[in-house]
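Same chain, two partners: subunit A is paired with subunit B first, then with subunit C.
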Partner chain A sequence: MTAAVEFQNVSRHFGSVRAVDGVDLTIAEGSFFAMLGPSGSGKTTCLRLISGFEKPTSGTIRIFGEDVSSVPPHLRNVNTVFQDYALFPHMNVRDNVAYGLMVKGMGRAQRHAKAEEMLALVKLSGYGDRKPAQLSGGQRQRVALARALVNEPRVLLLDEPLGALDLKLREAMQDELKALQHKLGLTFVFVTHDQHEALSMADHLAVFNEGKIAQIGTPQDIYDRPATRFVADFVGSSNVLPPELTRALGGPPQWASLRPEATKLAATGPVSGPVTALRYLGSGTRVVIRAGETEIAALVPAGEPVPAEGEIRAIAFAPQALHLMGEA
Partner chain B sequence: MSAPAILPARGAADRLTGVFWRRPNLLLLILVTPPLLWLGVVYLGSLAALLLQSFYSIDEFSGVVKEEFTLKTYAELFRAQNLDIILRTVVMAAAVTLACAILAFPIAYFAARYARGPWKAAFYLGVMLPLWSSYLVKVYAWKLILAKEGVLTWAASGTGTGFLIDGILSIPGLEGSSLSTSPFGTFLVFVYIWLPYMILPMQAALERVPNSMLEASADLGATRGQTFRTVILPLAMPGVIAGSIFTFSLTLGDYIIPQIVGNSSRFIGLAVYQLQGTAGNIPLAAAFAVVPIVIMLIYLTLAKRAGAFDAL
Partner chain C sequence: MRSDRPSLLLKITAIGGLLFLHLPILFIFLYAFTTEERTYQFPPPGLTLKWFGVAWERPDIWPPLYLSLKVAAIATLMAMVLGTLAAAAMSRARFFGRDQLSLLIILPIALPGVITGMSLRSAFGIMDIPFSTWTIVLGHATFCIVIVYNNAVARMRRLSGGIMEASADLGANAFQTFRYVLLPNLGSALLAGGMLAFALSFDEVIVTTFTAGQQSTLPIWMLNELVRPRQRPVTNVVAIVVFAATFMPILIAYYLTRGGSETAGMGK
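Take a look at the complex of A and B:
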């Protein structure tokens, strides 16, 4: 099967800033692919390299096997949902959605019918006559989605599409986007700095750091087996253990990660320290223990005894829960 | 002892701020009263006085203004020579506005979308600098540039492009012995003098178009031309209209440039100037002065109907 998007050693430098630095990436057709990373990590630049708003300094980008190095954005059959939605304020919702068809020369009646179809798909039937300014944030988001989908793109790019929405709406849209992707069978590439969003929505994700891909894999891979300290730090609420602690816990002198859910509290053990913070989460309590310089979080399930702040506790875990990883 | 929940007023300024907080409209009232008085009394008042004058007439034998309501003065506007003045002025104003818009757009576009830091400063300086020097000096400078012995003719003959100037001067309606005595010269000077008033509002309008909107257009398959017609131009339209109000109305009212550069044919401003001065025909001068107001109202109505303010 051809890859929907393929990066071969792609770099994009802005002067001395290496926004994207030697990225290799394959996005399978029909996948929901997330690019995750802190701001300035190169994820948005990668998205813009796919849409054509940035040109690679070096390397090759292929979309469905075709080299797009010299293809301008308007001839690439990929569409973008912009972070600020970028709806045209002087057009009503219907004309916004039909815009892609209008510039391709489709007749008014036909494109309006198609636009209504798309509006129905994003559950905005009957909103066609409104101006974008008359819509809520969530509705604008749907219009942006409908406008991008009307062209029937091979790949849909989403640039932090849910960033401007409040939590409840964001969660609802996450489910809807996932359902929509499933229904259309399209390749979605979606940029976010929100770990939970990436883990819950994507079937594959790439974690970006300083212009490079730190790790690429399924959400389970990334969460359970972070390749580097950075990934463990960024993606999870995972505990990151320095080499000396790993050794004290019976492992080799290497960096390791340990998930709070897999961490138990014990009266005594090789690594112990005072409880410094307690956070009640409903389903349990997150207990933080300070062991020397390192803070280690453990999740105590609801119903089990919770220590008080300042009490000394040791940590315990099943041996297979300790995951060793690289330095960078 | 802990700090008090209410801090003591330190003086008159604190108390005054308190008064404004309790009566939010008071500050607004104080702020808008002087300009409203100015607008109401000085501006609208003089406009009303002008309108009133235009409904009077002049006794043709004694030259005394008869203070009786009549439409006779307005009827005079429709005499061939007066209609000629109005038509000439409107055509000139329209041509100047169009030329200003075409010249200003790339400059404004560059300034709004590409110029950053020192380039932005250079843009503002470049646009504003001509406004620092006297209007009259600039017009006379142009007269010298356009004169038969001027630098333009000299440069044209030096580069063998003199036929271009001769060609322009042989077009019916633009005849003259040199550009400085041709209506085309008048046009050039008008364009130069009013150009900043077109660039600045255009740039302000273009500045408010986010880059992502242009990218969205390209992303959806639009060519540069389509993006320009369907996104940039409609969104910049309020700025274009604002600029064109300046260039159009300033050209409609100007009476100095046509006196200095061109073939001395009369424009509305010049007619008003001469009618109220030498001829002493205040009613006809007033009626002439109403013409630009009416034209601007028609222009704005048409612009609104065409949807120029939809993006406001």
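Take a look at the complex of A and C:
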């Protein structure tokens, strides 16, 4: 398979700040790729390196095999859906969508027809005459999407595309984006700080930390086998065990992760503590046990006995469920 | 009980205040039509349109009018170019001393005209620059730039910076981005700034006095004319012309930027 985007030892430094620091990355054609990380981790800079708004301090970036290091943004066959949508306020929706075709010199009738086609694709038929200010947040998001897609980019970049939407709209848009990507077969690269969004939408993701990629893989890889303590912490929901607890549980003195689903409760065991929190989830109950400084969550399936708060319980698990990982 | 309706006293005071401010302007207009040419006698003994004809025939009115129009036009043009560039630099770049520089740019509007005039005059003297149209233009440009700058900066602040990047991202080159995105969004602010600058320059007296030498702009001609005993209503006719030439642009500027927060720099 061809690599849509390839980073070879790419760095982008701003003065003494290493926003992106020695990143190697391959994004396969047709994949839905997420860049996940806290703010300031370098994920947005990576996106801007692909769109061309940042130039690498060192390293090589290839888009479909072509070295784009000296290609300015307007000559790259990638388009971006901006975080704040960046719709042109003085143009109506149709002209916004047709903008990319207009600057390429396509005639009015033809580009308007194409724009209408795209508006239909994002379910905004009939909105062509409105101004961006007359649209809701979700509708603006769709216009931004149509405006990018009308140029038939080979890679679509999305910068926190759902960040400004409320929860319900966000979930609906997640499904739509996924369906759209599937339908068009395009390469989507999106940046997010929301781990649930990244895990549920992407087929591959890179977790960024301090300008470097902490881990790259499928959502399941990242969730089940976090490479480092940072990844486990950031992706969340897994229990992160410090070296002394891992050793107490029979492992080597290393950081380890343990998924709540794989964690069982026992009457006695090497690691135990009082139950500090209970949360009923329908399919089961999440029980949190405090072992020294560490809180460990276990998922008790529905139908099994649930301890009361304050009771002492030990944790147990199948040996293969304990996943060892690096420190950083 | 509190009432949202203003009291009668407040109404009378407000109306009185407004009349005090604006009634004298009506008298200026009125005396352009009086038949009495030596004193501003009230009520006018009779009304006539002959002063418009007299003003038209007076050869000494035309050179100051031309000079004023020329100065205002050049100063406005300079201000529009320089003010826009300064605004673009200020809203895009982040550099050391940016806030201080921004203050320096808008300082001329806060500085009393007498100070600006004096400093320019002594500078011209030191550098042996003879008084000319250009010395007046320079004096006016100092505050005209501020007007355009303020309007442009306010508009750029309202613009989402992303739209320029979006334009490039969609394949537009720098010229296309300027033509299709920046200019349409900046245009009315620039036009408004230019009109205000023109109006300010056209009726400026203080700085002009220091930088004009022997030349007369229209406002200075009027000032000299007031002490002459003869054909006084001609001055009022010219006042109507000046009023129209400055009020119209300001009115247009107001409508162009209505709804924005940028009818800035009306203070000079």
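Definition applied: the second predicted complex is superposed on the first by the 327 of 328 C-alpha atoms of A that agree within 3 Å, B and C clash if a C-alpha of one lies under 4 Å from a C-alpha of the other, contacts with A are read in each partner's own complex, and residues count from 1 in each chain.
Please note the rule applied: a residue touches a chain if its C-beta (ideal position, glycine included) is under 8 Å from a C-beta of that chain, and two chains touch if they have at least 3 such contacts.
Model, not experiment: these values are computed from the prediction.
A.B. asks: Here subunit A is shared; do subunit B and subunit C fit on it together or clash?
C.D. replies: Aligned on subunit A, subunit B and subunit C clash with each other.
A.B. asks: May I ask you to decide whether A:P260 touches subunit B, subunit C, both, or neither, giving the answer as first, second, both or neither?
C.D. replies: Touch status of A:P260: no partner.
A.B. asks: If you stack the two complexes on chain A, which partner ends up touching A:H90: first (subunit B), second (subunit C), both, or neither?
C.D. replies: In the superposition, A:H90 contacts both subunit B and subunit C.
A.B. asks: Just subunit B (first), just subunit C (second), both, or neither: which does A:P219 touch?
C.D. replies: After superposition on chain A, A:P219 lies in contact with neither partner.
A.B. asks: First (subunit B), second (subunit C), both or neither: which does A:P161 touch?
C.D. replies: So A:P161 meets neither subunit B nor subunit C here.
A.B. asks: With both complexes superposed on chain A, which partner does A:P132 reach: first (subunit B), second (subunit C), both or neither?
C.D. replies: neither
A.B. asks: So, A:G236: does it touch subunit B (first), subunit C (second), both, or neither?
C.D. replies: Touch status of A:G236: no partner.
A.B. asks: Can A:G42 be said to touch subunit B (first), subunit C (second), both, or neither?
C.D. replies: In the superposition, A:G42 contacts neither subunit B nor subunit C.
A.B. asks: Contacts for A:G211 in the overlay, against subunit B (first) and subunit C (second): which applies, first, second, both or neither?
C.D. replies: A:G211 contacts neither subunit B nor subunit C.
A.B. asks: Which parts of subunit A are in contact with subunit B and also with subunit C?
C.D. replies: Comparing the two interfaces on subunit A, one with subunit B and one with subunit C, the shared residues are 51, 53, 72-75, 79-80, 82-84, 86-90, 99-100, 102-104, 147-148, 151.
A.B. asks: Subunit A touches which residues of subunit C in the complex?
C.D. replies: Touch residues, subunit C against subunit A: 159-160, 162-163, 165-173, 176, 180-181, 184-185.
A.B. asks: Show me the residue ranges of subunit A that touch subunit C in the complex, using the header's touch definition.
C.D. replies: 51, 53, 72-75, 79-80, 82-90, 99-100, 102-104, 147-148, 151
A.B. asks: Given the complex with subunit B, which residues does subunit A contribute to the contact?
C.D. replies: Where subunit A meets subunit B, its residues are 51-53, 72-75, 78-80, 82-84, 86-90, 99-100, 102-104, 147-148, 151.
A.B. asks: Using the touch definition from the top, list the residues of subunit B that touch subunit A in their complex.
C.D. replies: Counting only subunit B, the residues touching subunit A are 210, 212-213, 215-223, 226, 230-231, 234-235, 307, 310-311.
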